[in-house]
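Both of the next two complexes hold subunit A, though its partner changes from subunit B to subunit C.
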Partner chain A sequence: MLPFILRRLGAGIVLLFAITTITYVMLYFSSKNIAHNILGEFATPEQIAAKQAELGLDQPLFARYADWLGGALTGDLGRSWFNSEPVLQALSSRLPVTLSIVVTALLVATLLAAALGIAAAVKRGWIDRAVQFFSLAADALPSFVIAIILVTVLAIGLGLFPATGYVAFGSNPSLWLASITLPVLALIFQLTASSAQQFRSAIIEVRRRDYVRTLRSRGLGEREVLVKHVLRSAAPPALTILSLQFIGLLGGSVIVEQIFALPGIGPLAIASTTKGDIPVVMGIVVYTVIMVIIVNLIVDLVNGWLNPKVRVS
Partner chain B sequence: MRRLAANPMALAAGAVLATIIVLSAGASIFGRYDPNVGDLANVLLAPGGEHLLGTDDAGRDIFSRLLHAGQTTLAAGLLAAAVAITIGTPVGILAGYYAGRLDSITSWIANMILSLPGIIVLLAVRAATGPSVWFSMVVFGVLLAPSFFRLTRTAVQSVRNELYVDAARVSGLGDVRIMARHIFSVVRAPLIIQTAMVASVAIAIQSVLEFLGLGDPLVPTWGVMMADAFRNVYLQPLLVLWPGLAIAAVTISLALLGNALRDALEDGQKTPKAKKQPKDAGKEAAGQHGPSTGAVEASAEEREHLISVTGLQVGYPQAGGTLKRVVDNVSLHVDRGEVLGLVGESGSGKSQTAFTILGLLPETAQVAGGRILFEGEPLLVAGDDVRNRARIAKLRGRGIGYIPQEPMSNLDLAFTVGYQLVRPMRKVLGLSASQARDKALELLATVGIRHPERTFNAYPHEISGGMAQRVLIAGAVSCEPKLLIADEPTTALDVTVQAEVLDLLRGLQQRLGTGMLLVTHDFGVVADICDRVVVMRQGTLVEEGDVRTLLRSPSHEYTKTLLASTLEGKEPMTMLGLERAK
Partner chain C sequence: MTYKRRISALAAAAVGALALSACGGGASTAGSDGGSKSLTLGSVVEASAWDPAQAHVGHYIPMYEAAYDTLILRSPDGQLEPMLATDWSWSKDKKLFTLNLRDDVTFSDGATFDGEAVKANFEHFKKDNGPQASTMQNVESVEVVDADTVAYHLSAPDPALPIYLSNAAGFMGSPQALESQAIDSVPVGSGPYVMDESATIAGSQYTFKKREGYWNPELQKFDTVTFKVMPDTTARLNALVSGQIDAALLDPKSEAQASGAGLVLTKQQVDWQGMFLFDRAGDQVKALGDVKVRQAINHAIDRKSILDAVLLGQGTVTSQIFGESTSAFDESLENYYDYDPAKAKELLAEAGYADGFTLKMPSATGFDPVIYSSITQQLGAIGITVKQENLEGNEFRNRVLSGDYPASYYGIFQGEPWIAIGHHVGKDAAFNPQGYTDATSQKLIDRVQQGGKDGDDAAKELNRYVTEQAWFVPFFRVDQMFFNSKDITVQQQIQQAVPSLYNYAPAA
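Moving on, here comes the complex of A and B:
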């Protein structure tokens, strides 16, 4: 078990390194006018030059990257160029909000996808066709359109949920739930769609296997065979799809947070990339990749727990 | 093409898409107003009158703006897809065709691109290059190229080694000619499907960026319209509806079309769905095939047997609507304490008969006629649902046990051997956990496993085939069934293990007094433990009799051929089936 985890973490670190390097290089070419943007229209050339020296913008690419990397490895992600807030602090204060909606969305989507997949695989007929149609439609429809419709109809129109704002779980659990319901709803469509399809085909395939027939021949009930045995073997490919879609989920959360005015990482990402606040952007990229690595690792571990044979490989 | 037209979803999606394209292309004709010129005297008007969909916060006509925006949005989506195809396809073809280093390098690059967080990349690029719909779509096309790369690479790999490509190579056609002609035809269909999907995604993402304010606010696109509408959502909620519907319609239609295309291109994948036959229809079908089934009451003789099968007919619906019969008018019976051998070649329907008794046929199967009685009570009548008859469900394990053929594929690899033995006993016999465990260990010892505890705690992939088969036998007899159905229990085993397992089966059967239906193609097994034999061929019963008589002096031609085909006591190098000269 431990060597497996270590190997995955090792691969994750390599990935992190590669992606941060590529992103940094891309951002380097966009940072020509930063000093000007920070100081505003009326800055004098001396002020601009001073600012550039302060931020290290006159250094060559390699030196700047090495500087950033050195800091990052010791946990110092630098400070925002625009408001000098430490990047790590900005991220960690906003992380709980984003995690609230992302993790909840992931859990709800998994359960929903399993239920839809089971219904489609076992009942077939019109339920199957309906689930397939829903999967196609929900996968194609952008989550921000869904989010806006939800806000317009359920929040502004019917007043059932708050349209904006976030309440921390610690201060008021039920208000917290109300504030994350619509954002989570907007996010689960695409996740559920692809995963439900995967559950469906995996369940159909597993049900055909010999041992399912033998278990039934022993007198075990259909429901027990389905939930305990079939689902256990059918889950891994579906969970893998979920983890692959996780990147898309993070991207979706950026927009959803913007629409619902949630103080998560999303608005920070948009603001920093629009302004060209490189330290913050790099911090966000690091956070994104780390999240992806963690989620993939968790899914792999869950798959291993579900199916002992997978553990061996 | 015709299949596509027959699909209602595809038609609807195609119609919607076509309408939007036509309207957008003809925006100047259909929309009467300039999309960028506003009338500040008429802001935020509701739909109706002069303005079909109302006006926005700058007094611009929504309908005209929507159509012009459509031009830009659709064109941009097309651009992203075009860039993705142009980059991904040729590289994929080359990587698939030449393989080797080129393949590894390009695949690695593709995976790297796929790992990049898309939105962040686009945001970063925008910071570098300024707001431009076209440029960000080009970059997005690069991000999407890996999917085309993978697609074409896989398609090419699958045909690269086909003989006709080799033949073309040998005959001197240059590589490019080969690739163009043969490979492209394979790749064409998936490419078209993928394009639809990619265009859908491109439009979606593009709209997102514009909604976030990262597009060019001077160029109307649906995303920009969404942003404008959302800004005024408290004042005029309807504003979000139009561009929202437009985006939804296009993205969903493209996805549905892509999917319909995929369905249309997959031949014969659709088998007719198993319809739940109403009971009357089943009885009707039974009545059509002779007076001996269905309409007639079970005879007293049938009721005497442990299990009695009369006139059984089982089939599978074919694409044309006909029913392919795999069991055709089969009648047999097993008495208490007797072993009936059910012999036949592969495809004779012997396993299907066994599964029908147990209610373990696949969902697509249909019972077209006949009946089965168990201990005098009806177990199956014509028209019954093949899988979920309450009658058979009660009997599984307790009344009728099943020993499968292939030991390794009949154990769930995710659970220990012990769990799979104990759980059914607890459910069917109501034993406690420790009682069931004790019984399971006892059974494992009885079937000849030398270290019952170790096997009990092991996972199926940790034990050998012979041990697995013994475990399955233990499981089958664990609830003390009155009838055992063994489906070629020794076929998958080594010869020495076969003998042991047969001894085991015979011992168990004699000790417990169970009836046994032994399905096999091996006459050696039949001679070893069966009392009576029944021979099947292509779904019908061909001969029946007690074992000595049938083996020594078979009456039916087919039985004679089968017996003559065995290798026992044959002169080497003679033709099978011929009489020996002496």
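Moving on, here comes the complex of A and C:
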């Protein structure tokens, strides 16, 4: 197990280096006018030149990248060029907010999707058709449309939830729950829809296998066959899909965070990329790649744990 | 391990991940403090660094006003009143601006406000190269005459200096704190409030508490002031309607819902939008060098229809670039160019362009696409073929300011005449990238620069001149739609996107 983990982490580091390098190079070629962005429309040429020198924008690519990389390797991701906030601090304060809604949405969607997928695969008939219809309908509705409907009805109309804002779990758990409920609901529709289809297809496929028929012929009850055997075999592809969806959710939560004015990574990503705040953009890239690596590693380990056949020795 | 235990362990891990992810995130941003003694504002922008040298104007002003006083206070109607400076005067040659200062003010870190503090702030403002540093470009130095008197030495007259000292360039930070990086995160000023760091999340929410012992308690209408960063208009609307914030800027499309929820609307005109005809010399497009062609373009645009389509009629159609609140404004110029495509064609023919010509213009995602389609269609109707080049965000602005295009649609602030000249009329103005000037306009600009009654008269003459010469094609002045709850009263601030912090008060 340990060599496997170490190999994956090593590959992850190479991936991190490659992605950050490519990103930095791309940002370098779009950084010509960042000094102007910072100083505004009425900046004089002298001001712009001074700001470029201050931020090192007049340095060649290699020098700038080496400077950034040197800092990143020691945990210093620099400061925002627009408000001087340390990048690490900006990300650390915002990541828990994004993870709150993303992890919660993923957990809730997983449970719902599993229940719907199992019901559709086992019962078939009208339940199966209903689940497929729900999947189609939910797929057609973007999360921001759902968000606006939820806010209008449940927050503004009925006053059951706050329309905007976030309460940290540490400040007040029940207010935290209230503040993330609508954003989570907005995210889980499409997530549940596509995951339910995955669960359904995987379970149908596994139930058709010979060994499952053998288990039934030996007198095992349908529930026992389903829970102890079918789900274990059907889990890996579903988990893989969920890991992809977690990564997709990190991007998909951006609009939801804007609508609910949540102080997460989303608004920071939008603002920093729009303005050309390269230190912050690079920080977001680093964090995102690290999360992708960790999530993929966890999914592989869980898959191996659930089903010994897919373990890598 | 049995299967059931594995599932239980998985479930426990999931709950643990959830709880861990929920930890942190700093202070809470949900909910209003409630009560008439707290003010919560929805802000379109997040604060830049809190260093006063990095202060910006417009939407940023009220945030800085929480922690910093300015040398001069500009009242809602534009009058200049004492603040940290008690009075001021110009020398005869308008190159020396002397201010007498209060002697009873301290900063929140205990440092004393005096002439040395003003000098330190000025030098820091210039050196730190913030977004408003160019406003001090005519100021060579600040002399400390004595502890309570400073003199600004100018290289050339600048009639806008008192106004600059009532906003970004006038914010005074503690000289002890100015050189420390800490002031970027936590402001240290002499203002009516101090930042409550425990209730502040950078980029999301800034909370200030009333400062004890502040020298001007009349400006402290609230015990707590909170700025919630909400760049999204839908979020601001929802927060207003649900009572989470007390006031915010919305847009015409939000009006129905906001007014229906019983919110109070005030309108303010701060910007004008229209076409900038940069190539008045005809270097890129020869036709634009002819005043009749530029006038034809003015007559070809149906301003009212575009205003109705794009802003639901929330604005005022105009033919002049100077705002109603300025000394340059001339009521007789408002409809100088009426919508008259026939007249436009006639003018084009007189100029020798009966067959029209091609005009390259950039288009940006920041403006409603209807504007560009209307320009293309309406100029096309008189024979001018518009070739749009779509550019994104900052690239649009940067290429426009580089002089890559002979003309562009844009929106710009309508400040006092000297400020407007510096922005888009004068030969060195940012929005005059081709540096166009002529003897007539320059003579008028020189008179405006001297200020006073003659400066005001010259501003009016300049307005008429650039209108008749069709340097621009103004479409309309835009209504800023500001909404507030009935728990507070608000006065709009002249020539400012949002009200100053001092303009809010609990409702009686």
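Rule of thumb we're sticking to: the second predicted complex is superposed on the first by the 303 of 313 C-alpha atoms of A that agree within 3 Å, B and C clash if a C-alpha of one lies under 4 Å from a C-alpha of the other, contacts with A are read in each partner's own complex, and residues count from 1 in each chain.
Please note the rule applied: a contact is a pair of C-beta atoms (placed from the backbone, for glycine too) under 8 Å apart; a residue touches a chain by one contact, two chains touch by 3 or more.
Please read these numbers as outputs of a predicted model, since none were measured by experiment.
Superposition of the two structures on subunit A shows subunit C clashing with subunit B.
By the touch criterion defined above, A:139 reaches subunit B but does not reach subunit C. Within the superposed three-chain model, A:88 lies out of touch with both subunit B and subunit C [touch as defined at top]. In the superposition on chain A, contact of A:274 is made with both subunit B and subunit C. When the two complexes are overlaid on their common chain A, residue A:213 makes contact with subunit B while staying clear of subunit C.
Of the two partner chains placed by the overlay, neither subunit B nor subunit C lies in contact with A:297.
Once chain A of one complex is fitted onto chain A of the other, the partner contacts of A:151 extend to both subunit B and subunit C. Of the two partner chains placed around the shared chain by superposition, subunit B is the only one that A:22 touches, whereas subunit C remains out of contact.
Contacts of A:306 after superposition: both subunit B and subunit C are touched. Touch criterion not met for A:115: it reaches neither subunit B nor subunit C. Residue overlap on subunit A between its contacts with subunit B in one complex and with subunit C in the other: 148, 151-152, 156, 232, 258-259, 270, 274-276, 306. Residues 9, 112, 115-121, 123-129, 200-201, 204-205, 207-208, 211-214, 226, 230, 233-234, 237, 240-241, 244, 247-248, 251-252, 254-256, 259, 273-274, 355, 358, 360, 362-363, 388, 393, 396-398, 401-402, 404, 406, 409-415, 420, 423-424, 427-428, 459, 461, 472, 475-476, 478-479 of subunit B are the ones touching subunit A in the complex.
Of all the residues in subunit C, the ones that touch subunit A in their complex are 3, 6, 10, 14, 17-19, 21-31, 46-49, 51, 54, 56, 129-134, 137, 181, 184-185, 201-205, 228-232, 234-235, 238-239, 241-242, 244, 393-395, 397-398, 401, 422-423, 430-431. Within the complex formed with subunit C, the residues of subunit A that make contact are 32-33, 36-44, 47, 50-51, 54, 82-85, 89-90, 92-97, 99-100, 102-104, 107, 148, 151-152, 155-156, 159, 162-172, 175-176, 178-179, 227-228, 232, 258-263, 267-268, 270-271, 274-276, 302, 305-306.
Taken in their complex, subunit A has these residues touching subunit B: 15, 18-19, 22-23, 26-27, 29-30, 124-125, 133, 136-137, 139-142, 144-145, 148-149, 151-152, 156-157, 208-211, 213-222, 224, 229, 232-233, 247, 250-251, 254-255, 258-259, 269-270, 273-276, 281, 284-285, 288-289, 292, 306-309, 312.
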